[in-house]
Each structure stands twice: as structure tokens, then as C-alpha cells.
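Order as written gives the chain letters A, B, C, D, E and F; numbering starts at 1 within each chain.
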Amino acid sequence: MSTIAAPSDPEADPRVKAVFDDIRATRKTAFINNLWRRLAFDPPLLTRTWSEVKEVMATPSALDPLTKELIYIAVSVANGCSYCVHSHTAAARGRGMTAEQHAELLAIVGLAGKTNQMATAMQLPIDALFDADVGT
Amino acid sequence: MSTIAAPSDPEADPRVKAVFDDIRATRKTAFINNLWRRLAFDPPLLTRTWSEVKEVMATPSALDPLTKELIYIAVSVANGCSYCVHSHTAAARGRGMTAEQHAELLAIVGLAGKTNQMATAMQLPIDALFDADVGT
Amino acid sequence: MSTIAAPSDPEADPRVKAVFDDIRATRKTAFINNLWRRLAFDPPLLTRTWSEVKEVMATPSALDPLTKELIYIAVSVANGCSYCVHSHTAAARGRGMTAEQHAELLAIVGLAGKTNQMATAMQLPIDALFDADVGT
Amino acid sequence: MSTIAAPSDPEADPRVKAVFDDIRATRKTAFINNLWRRLAFDPPLLTRTWSEVKEVMATPSALDPLTKELIYIAVSVANGCSYCVHSHTAAARGRGMTAEQHAELLAIVGLAGKTNQMATAMQLPIDALFDADVGT
Amino acid sequence: MSTIAAPSDPEADPRVKAVFDDIRATRKTAFINNLWRRLAFDPPLLTRTWSEVKEVMATPSALDPLTKELIYIAVSVANGCSYCVHSHTAAARGRGMTAEQHAELLAIVGLAGKTNQMATAMQLPIDALFDADVGT
Amino acid sequence: MSTIAAPSDPEADPRVKAVFDDIRATRKTAFINNLWRRLAFDPPLLTRTWSEVKEVMATPSALDPLTKELIYIAVSVANGCSYCVHSHTAAARGRGMTAEQHAELLAIVGLAGKTNQMATAMQLPIDALFDADVGT
């Protein structure tokens, strides 16, 4: 059940096929998950979105691949996106996340959720030392 | 401006002093930030909260200290907690976060925020492969 | 599965019947969706809620009906309300939303989600020019 | 600084004056807080909003006044509304909230924030027993 | 479907058995809900989480048990945690919540959600009187 | 106060100057707001972000410019991004939003916030008719 109808043959559109081929090549798998399959209803949006995901998440950079997935999961949990929590937890497992690291991720995400609420409830004044101009 | 009055002499209470001393020793700094200073209005809650923060964030574990702070920032951003974004960004800097890593954190957090919204707007069915029982 | 038991014969209560009749007349359909069917467990709350929805969403006003639905979807996505995303996307389709407009809605909602996170992560000082007293 | 310009003489409009008079009479104070002062830019919206606040929060009902304020604070914290956290914490104090109860509110709100994140991260299947039709 | 595989025999681990036994004794029921069953994949995290839930929610304190559950539901709704909304609504029913109180909870949570959005949209300046140092 | 230090002379970097020049040309104003000024600390991220904002928000498309800003405000309110609420409300005014339309936006955003919370609290089953495959 979705707000976007399931596509019958998305790769009939060459723009969609080009993106799906690149996803398969980048991820070294034949599997195309629903985010891309449903987004195929608008090829330009599909192309731009995949392009950004590939650049930010699948290109070697200053943070290692697993750390990037952990950050992605953390945001997705806090935003309450079921689909994204599932897809990025699977991705993190694919990049080597152990059960111990998973438990630690849950502990940090839970603790942050707790102190976020407490700090917001207290409406804490921000310490001057935290200002980037001061603290650096 | 806060919903909790600023304490005049929080360390007059020995339970508060014990926590503040442990914060100073653990962090190797004399600085006690407002979260702890205001939370001192209820010493048991202060004690339990610090105990958990120390255990999760300041104890060697399966994830390195900088990764833990990046996850903490990510959750705090998504939850919109100004105080926590400030305090944990300062902490991440203290643990060596470079400007390049900070920019990358912004890029990931931004991208996750974007796809979280898009996936929620599409109400995507979750791929069976993402199920932990199937995907493992 | 719900936290409110499914009603057996909600229209047996004349207050519920009056609301359902008005929904059918206003929307020109026999279909009553679950929000109203479950809310029928408390007729006064049902009555007040429908009254507000009718006034804000189904009365000619300064914004056209489709624009109002697009705003409603946008809020519902950001708040992560699955039910509301579904019901208001269906309503937007009923008011003429094209696939191109739907894709554009996804693009805006996604971009806003992205810059919301980035601006919150940077804890940007608000430009004085944005103050309504100054900027007007 | 606001997105709504500060009104110069809001009570010059009789609809605004009527609402402000009712707020003063209901709350037994001359103080009109900024929510109402700024909302005065649109008298019909001001009138409807106050009418609902008065009915839900200032009319004797099945929940006592302090409990209602605690629930209001809890939602406002989770939604990250600074203004509302401040105004309803002040209201709760006005209705007798003790420091001990305030600390307990922080503890519950924090714990809920924590387990909310953990449950979302785990994407827990909902126990059949929680279904209202089954569990009642 | 979950990001944590269903455990086959969680109580084979004595640490898990000890927690489950305490849950059963505290709640006077043989039923162990999925939060605990899945969290059993990491016994230390299970132990710490239950310990906090027991202390905050199942120990006599300044707020009565039903009020505590109502606050918990309120946070869970605003955070969009389906599992938590279900589990704590069931708990509130178990502690005597009537249909009338449930409807009132919905009314307050709905109204708070509404004014939270409106206050955030207006970016209201916070009244000086709300400052805890001033207002006390 | 920000987590990103204020840049001294951002346009000394030609990549930043190129973006700022394009912002000024696109918006027909000399004013560069803080989002771009602070984001200048990482020129590639600045370039990509502006490129997307320009494409989605400042290019003629299926939705008119004011409608796009109203949707952007709606998401920003629900996500609690103060900076974005301010900047996009100013942008909407610049695109002709009247006080009456602004009040109506507040009414819709408020109502959506309300029913989002109520629907989440009720954990409503989604009507089959809302499925895109069925409903189209």
C-alpha cells in the first residue's frame, strides 16, 4: 500500500533503466529496492535523487562507509521513517555492522532521544563556550 | 531564559558535588555546562542522567568516540534540540572532527532528512529483503 | 489494528449520524473514512473535529482547494503521520493533482527536509531582515 | 523577532477585545501572552483558537487541570515548540506543580523519548494483545 | 518484520531470564511484549532499559500511575512511535483510563499539536514572565 | 551563535563568489542570507545545495512560486526549523502572500498538526481506498 502506484515496467523508460543499471553496478547486486522502483514514476526526480545518494553515500570520503550508514539510521529513527530505518539498517549490516555495534547504536540513539527531550523541556540557555566563534 | 531557575550554589548539595567532580575528572576540564547545572535542581535525576551519559559516551566501546558524537549530533538535529546540537558539535570538535568531516556530516544529515520525507510521502512498502529474519 | 476499537454501528447515535451525513453531503460521496468512523467513539470530539476540518478545508477561501491539500500533505509528511499522508494524497488527487505536481511536491518536501536539517545542524543566526517588523 | 509583526493596538478591534477580556476573566489575570497578542492579526483565527483552548484546557472535565498541563508540556517538548514549553510550564506551576513533579515529568518525557527512538530503531512488530479490539 | 531478528529462546541466557522474571513479577502477568523480547539480543542494554522503566514508571512517586502513562502516550504520539502508542495506551487502559479520559487525551494532544505548529509558524518571542527566574 | 564560525571574507574563494553572484542574479537582490554565508565554509556543499534550491524553487514549474513557498514553510514548521520558517515566510511575502493567506496557512498547518496527532494516537488502519493502486 503506497501513495505511488506500483510501476509495471519502469525500465521501459531509458532514463529509469540508466539509473537502475548504475544502482546495480554501484551496489554490485541485481536487487533494486522500492524507493527507486516507485520513484521511477518521475524519471528526473529519480535521477537527481540517486545522483545525490551515490555522491554522498557511495563515494570514498572523509568518513568511512559504516559510519555514514550509522548516521543515516540515526536521522531516520529520529524522523520516524520506517522505510529508511529498514533500508539503512540492512545497508549497515552489509557494511559489517556487528550485533554489538547495533546495540551500541540503539543505546546512543536512545540516550540522545532522552537528553534531547530533557534539554528541550528545560529550555536550557546555550553555554557561550559552544559558540563556534568562541569555542574554536 | 529557562523553565528551570538557575541554581545559586548547586555544589552545596554533596550529591551534586559528587557528580560535578566526576564530570570534571572524566572530561578533564573545570567547565560544567548548563545541562548539568540546571539539572542539579533534582540530584537523583542528575545522578542517573550523568551515569548513563558516562557509560554510553565516555566508556571505551565498539564504536570510537568521534563516531558516537556524530550519531548524537544526527539525532539531536533531527529532533530539533538546539542545546544538544551545540553541545555535541563542540564535543565532536574536541574529539578531532575536521571541517571536512563536519561538512560531510551536514551532507548526510541533509540527505537523510530529504529521503526520509520522500519515503514517508510515498508511503513505501518495505522490501521483504530488509527483514532482519530474512536478510541476515 | 488500532488503539480505538472498531465501532459496530456508529450511526445509531444521532450525533454521529448527523456528522456522517454532513461529511457525505459535503464530499458528495457515500464513503466515510476510518478517521471519522473511529472518532465516533466520542461524539462531541467527532463533531468539533469535523466542524473544523469542514471550515478550514471545505469552505471557499483565500487559497485554492488543491493548494490547501498540498500544504496538509506537507505537514503530515514532516510529522510522519501515515494515515494523514494517505488520506490527503487521495484528497489531492481528487482535486486534480497531476503526477507532475505530485513529483514536484515530493521534490519540495524533500528539499525542505534537507535544508531544515542543515540549518538546524548549523544553528544559523536568523537574519535581521527576516523579522516581520523589519522586513515588511 | 517574529514572522508576525507586533500589533500596535490590537484591542482597537472589538473582536480582539472580546477575546482578550475573556482570557483575562477566565485566567483571572491582566496578563495577555504573546500567542494571543500576535494571533490578533487575524481576529477569526484568534477567536476560534481561544475558544478551543478554553473548552479543552479551562473547563472542568475528566482529567484534572494539572494533569492536562503536564500532557500539554509533554507534547510541546516532543514537538520542539519552545514557546509552548515555556507557556505551559508556567501554567503548570500556576496549577501547583511541585519541583518534585517537574523532575518526574522530565524523567518520564526523557524515558519516553529514549524508548520511542529504540522501538523505532528496532521497528518492532506490534503485539496482537495491544489491539483495542483484542485487548479490551 | 523488524530490524532485529526474532529471538528463538531468549531466556536461555540467565541475564534475560532475570529481567523477564522481574517484568512478570512487577506487572503480575506472564505476558512479555516484543520490546523486551527483541531487546534481549543485547542483555546489558535490556537490563539497563528495564531497570529505568521499572524505576520511573512502576515505582510509587509524586505522580499517579495513570498520569504517568498519559504523559508517556503524549510523547509517543508526538514522536510518531506506533509501537509505543500501542503499548502505553494498553497500559493506560490497564490502569483504569476510561473512554472519556481517552477522548480527552486525544483532544489535548490534538490541541497541543495545533498550537505547537501555530506558535512555531509565528516564531513567537517568549514572554519574559515565563522565565523560571522571573516567574517563580 | 552558531556551530559554524562566521566567515570573514567568503567571496575570496571563487567558488563561493560564483554561487553568491548567482544568488544575487536569481533573486535580484544584493542580500545574501546566513544560510549561504555560513555554508560557504564548504564550497562544494554550498554549490550543490544552491543548485538544488535554484532548480526546485526558482525555476518555472507545475506549481506556482507562492504555492511552493507555502509548502516549504509548512514542512519547516512541522520540522521545527526556526531559521527556515523565518526565511521562507519572508520569501512568501516577497511573492505576494497576503495577511489573509498567511492566517489561512496558520489555520491549515495548525489543523494538520492536530489531526496528525489524533490519527497517530488512534493508530488508524488505512482505508483500502487510499491505496494508489486502488484509488486511481
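Please note the rule applied: contacts are C-beta pairs under 8 Å (C-beta built on N, C-alpha and C of every residue); 3 or more make two chains touch, one makes a residue touch a chain.
Not measured: the values here are computed from a predicted model.
By the document's definition of touch, common neighbours of subunit A and subunit F comprise B, C, D, E. Counting steps between touching chains, the shortest path from subunit B to subunit F takes 1. Note: Cα superposition of subunit C onto subunit D, rotation of 180 degrees, nearest 5. Chain centres computed from CA atoms place A at the largest separation from subunit D.
The two sequence copies subunit D and subunit F touch through a face in which the numbers common to both fall below half of the numbers used overall. The pair with more inter-chain C-beta contacts, choosing from B-E and A-E, is B-E. Put simply, the chain farthest from subunit F by mean CA position is E.
Spacing of subunit C relative to subunit E, judged by their CA centroids, is 27 angstrom. Between subunit B and subunit C, the centres computed from C-alpha atoms are 33 Å apart.
Among all residues of subunit B, those that touch two or more other chains are 1-4, 49, 52, 75, 77-82, 85-86, 89-90, 100, 105-107, 109-118, 120-123, 126, 130-132, 136.
A complete topology is adopted by the chain contact network, contact being made between every pair of chains.
By the touch rule above, subunit D contacts subunit C in their complex via residues 1-6, 48, 52, 126, 128, 130-133, 136. Within the complex formed with subunit F, the residues of subunit B that make contact are 80, 85-86, 89-90, 99-100, 102-103, 106-107, 110, 113, 117.
Within the complex, the subunit C residues that touch subunit F are 1-4, 31, 33-35, 38-39, 49, 52-53, 56-57, 61-63, 67-68, 70-72, 74-84, 86-87, 89-90, 93, 98, 100-101, 104-105, 107-109, 111-127, 129-132, 135-136.
By the touch criterion given at the top, residues 73, 77-78, 80, 82, 85-86, 89, 105-106, 109-118, 120-123 of subunit E touch subunit F in their complex.
Per the touch definition, subunit E reaches subunit A in the complex via residues 1, 3-4, 41-42, 44-45, 49, 75, 79-81.
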